[in-house]
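Multiple structures follow.
In the two complexes that follow, chain A is the common piece, with chain B as its partner first and chain C second.
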Partner chain A sequence: MKKFLAWFSLSILLAFSVYVSFVMAALPSTYNGISNIIVKNTIERTGAINAVTAIVFDFRGYDTLGESFVLFTAVSGSAVILRNYKKNSVTPLEKDLKNSQKNKSNLEIIKEIDKKRDSIIERDSIIVSTANLVLPISLSLGAYVILHGHLSPGGGFQGGVLIAGAVAIVFLAYGMDRVSKVFNAERIKVYESVGALSFLLLGTLGVVYGYNFFKNVIYNQGKPGMLYSSGTIFWMNFAVGYKVLAGIGFLLITMIGTLNAEEKE
Partner chain B sequence: MSALFNTNFLNTLIIIGIVVSAIFTVIIDDILPCVIASSVVGTFIALEFLLLRAPDVAIAEGAVGAILTPFIFVITLKKVNEKEGKG
Partner chain C sequence: MLINYIGAFIVMILGLYIMMSKKNLIKIVIGMSLVDSGLNLLLVSVGFRPGGTAPIFITDLKPGAFFVDPVPQALTLTSIVIGACVSALALSLIIKIQEKYGTIDADKVRRLRG
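On to the complex of A and B.
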């Protein structure tokens, strides 16, 4: 009976999808609709060469706002769960060192942990040298994508994710202790809030000038195609890129930080 | 020979790659190979976006689907294995 039901529903789904694909093929072209207006007026209205970024940050600013706050909520939720875990745990190496040398400063303890790790685990020289090569390339590519969001493909989100990938590279090459010591997770969480707040304030700039929310008010500064042009789109790229790189970097750092930790008794 | 360098041929190859690696993602029993197969799906989808002239979506999909998601899966898997090994 169960098998019959499964095949029955599958066949109905198949017939429906065939029908839908035929109907979709007969749909009229949408080129004459709103998309035509947007594509034609992009440079005139916003000063951005890249139409996708113009749509994301100008014509459809609310969508981007909602998207970025989805990411913000996801990162905050995982931070709440993982921080509770982290508060109740210590890494075994830290426990040893804290018991043996109570009068040393934090920096000395970090150096001690590094020394101990070096003796315990031998690093793969292929991975380390590849990471040393790839890390600056990926960082500068991400910075380029954020900076040229209104000129070339990409934008704040893409560049932010590319930069946040640096955390993964550092983890692969140098291990988890180095990651949780190099990056300060608490401060990065603050940076994410700063990015989100500046994005909101840039959106409010339209209201300040007497137009609607997310109105691009300073778009006529600079020629289209120059690096500083397209008004608020340029700055919103920065804000969103900063927010995304801080958010995803924070997510990765907290997840990596739980790896080596033991639960406290 | 010129058919090999056609965009349509590459398109077909990529779509077949998406379907095959997606099927592998479902049918493999071990979890780690599953995660790697899903990363292959992400890579193929990023290539497909590039062919469909959406390079910005290709960047996002390549970074998120091929790197970040498998990375998070692998970390979680490592943590779960650690706990199971202890208990």
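On to the complex of A and C.
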């Protein structure tokens, strides 16, 4: 009976949605409204040649502000929910190492862990060599996407997520020990706040110059189409990219930490 | 484009079906993100114009070329990030439920405990 009800309601929804699709296909194009004005003014008002980035960071900057705060809230919420797992993620082996670590560089510590761990964990050489190849490519692709946000498809959010994928690659290849050595989770959380604050400060620049919030006041620096152009959009890409890579990286580290704690039990 | 709308609606209805019929909490989150993806597809298709190119003013643009609508694309960008945030938060809650109840079956976690 329950299954019949589910299928019945879903089939009614399907029929209704097909009808709605026919109605929507007959509607006039949305292009003649606000988008026509925005596309016409993109180069003159912002100096960016990518209209989508111009909308995200200039015409509708408030949306991006709210979006970045949603990301901030999600990361903080996940960190609070998974807080108790953090104590478990430091393995006993690392605790022994901590006393002798004070005066050594990261590389030496990693080598030391490797020596102790080699007998315990056998790493897959295919995954390790593939990760060594993919990691620099993914990092430079992320930096490229952030840098060229106002010229080509992409921007701060996409490039930040690409760079944050490095955490997952390092975990896949080298395991949790390397992740907790290479990335300092506490400091990454601070970096995320720095990114959000710099984004807000760039938005306030409009108020300082005597216009409204999120006004692009330095848009006429540089030629449209060159790398340094489009004023605050270029810098906002950096701020948002920094914020997103720190936030998603912190989220991945927190979740990978729970995986490690469950494997031990 | 009619076929785009119908495809987006079918993806959304498949997500709804997963949310209604499955008991595994992780599968319910997958259904949620399927509904989200269908909605994103619908939003992008609303702004599509047949024959239009990506809204970027490159120098070797063909004469007579026109853009698709950039506004729904920008809003879809916002929607994708928020969908990822919702999935991450829901998955963290599921990890906590697994820790407290020992199961992620939606029928079994219903009982009240202490």
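The rule is simple: the second predicted complex is superposed on the first by the 225 of 265 C-alpha atoms of A that agree within 3 Å, B and C clash if a C-alpha of one lies under 4 Å from a C-alpha of the other, contacts with A are read in each partner's own complex, and residues count from 1 in each chain.
Heads up, the rule we're going with is that a residue touches a chain if its C-beta (ideal position, glycine included) is under 8 Å from a C-beta of that chain, and two chains touch if they have at least 3 such contacts.
In this text the structure is predicted, and so the values were computed from the model without any measurement.
Peer 1: Is A:Thr64 touching the first partner chain B, the second partner chain C, both, or neither of them?
Peer 2: second
Peer 1: Mind telling me which of the two, chain B or chain C, contacts the most residues of chain A?
Peer 2: The larger set of chain A residues in touch belongs to C.
Peer 1: Based on the superposed arrangement, let me know which partner A:Ile253 touches: chain B (first), chain C (second), both, or neither?
Peer 2: Touch partners of A:Ile253: none, neither chain B nor chain C.
Peer 1: Per the contact definition in the header, classify A:Val145: touching chain B only (first), chain C only (second), both, or neither.
Peer 2: In the superposition, A:Val145 contacts chain B only.
Peer 1: Which partner chains sit in contact with A:Gly154 here, chain B, chain C, both or neither? Use first/second/both/neither.
Peer 2: After superposing on A, A:Gly154 lies in contact with chain B but is clear of chain C.
Peer 1: Going by the contact rule set out at the top, does A:Gly165 touch chain B (first), chain C (second), both, or neither?
Peer 2: After superposition on chain A, A:Gly165 lies in contact with chain B alone.
Peer 1: Once the structures are superposed on A, label A:Ile188 by its partner contacts, choosing first (chain B), second (chain C), both or neither.
Peer 2: Touch status of A:Ile188: no partner.
Peer 1: Please work out whether A:Val52 is in contact with chain B alone, chain C alone, both, or neither, and reply first, second, both or neither.
Peer 2: Touch status of A:Val52: both partners.
Peer 1: Which positions of chain A sit in both the chain B and the chain C interface?
Peer 2: Comparing the two interfaces on chain A, one with chain B and one with chain C, the shared residues are 50, 52, 153, 155, 157, 251, 255, 258.
Peer 1: Help me check something: in the complex, which residues belonging to chain B touch chain A?
Peer 2: For this pair, the touching residues of chain B are 55-56, 58-60, 63-64, 67-68, 71-72, 75-76, 78-79, 82.
Peer 1: Please name which positions on chain A make contact with chain C in the complex.
Peer 2: 3, 6, 10, 13-14, 17-18, 20-22, 24-25, 29-31, 34-35, 38-39, 42-43, 49-52, 55-56, 60, 63-64, 67, 70-71, 73-75, 77-78, 81-82, 85, 151-153, 155, 157, 224-225, 251, 254-255, 258
Peer 1: Provide the residue numbers of chain A that touch chain B in the complex, in ascending order.
Peer 2: My answer: residues 50, 52-53, 145, 153-155, 157-158, 161-162, 164-165, 168, 248, 251-252, 255-256, 258-259.
Peer 1: Which of the residues in chain C end up touching chain A in this complex?
Peer 2: 1-2, 5-6, 9-10, 12-13, 16-17, 20-21, 46-47, 49, 54-59, 67, 69-75, 77-78, 81-82, 85-86, 88-89, 91-93, 95-96
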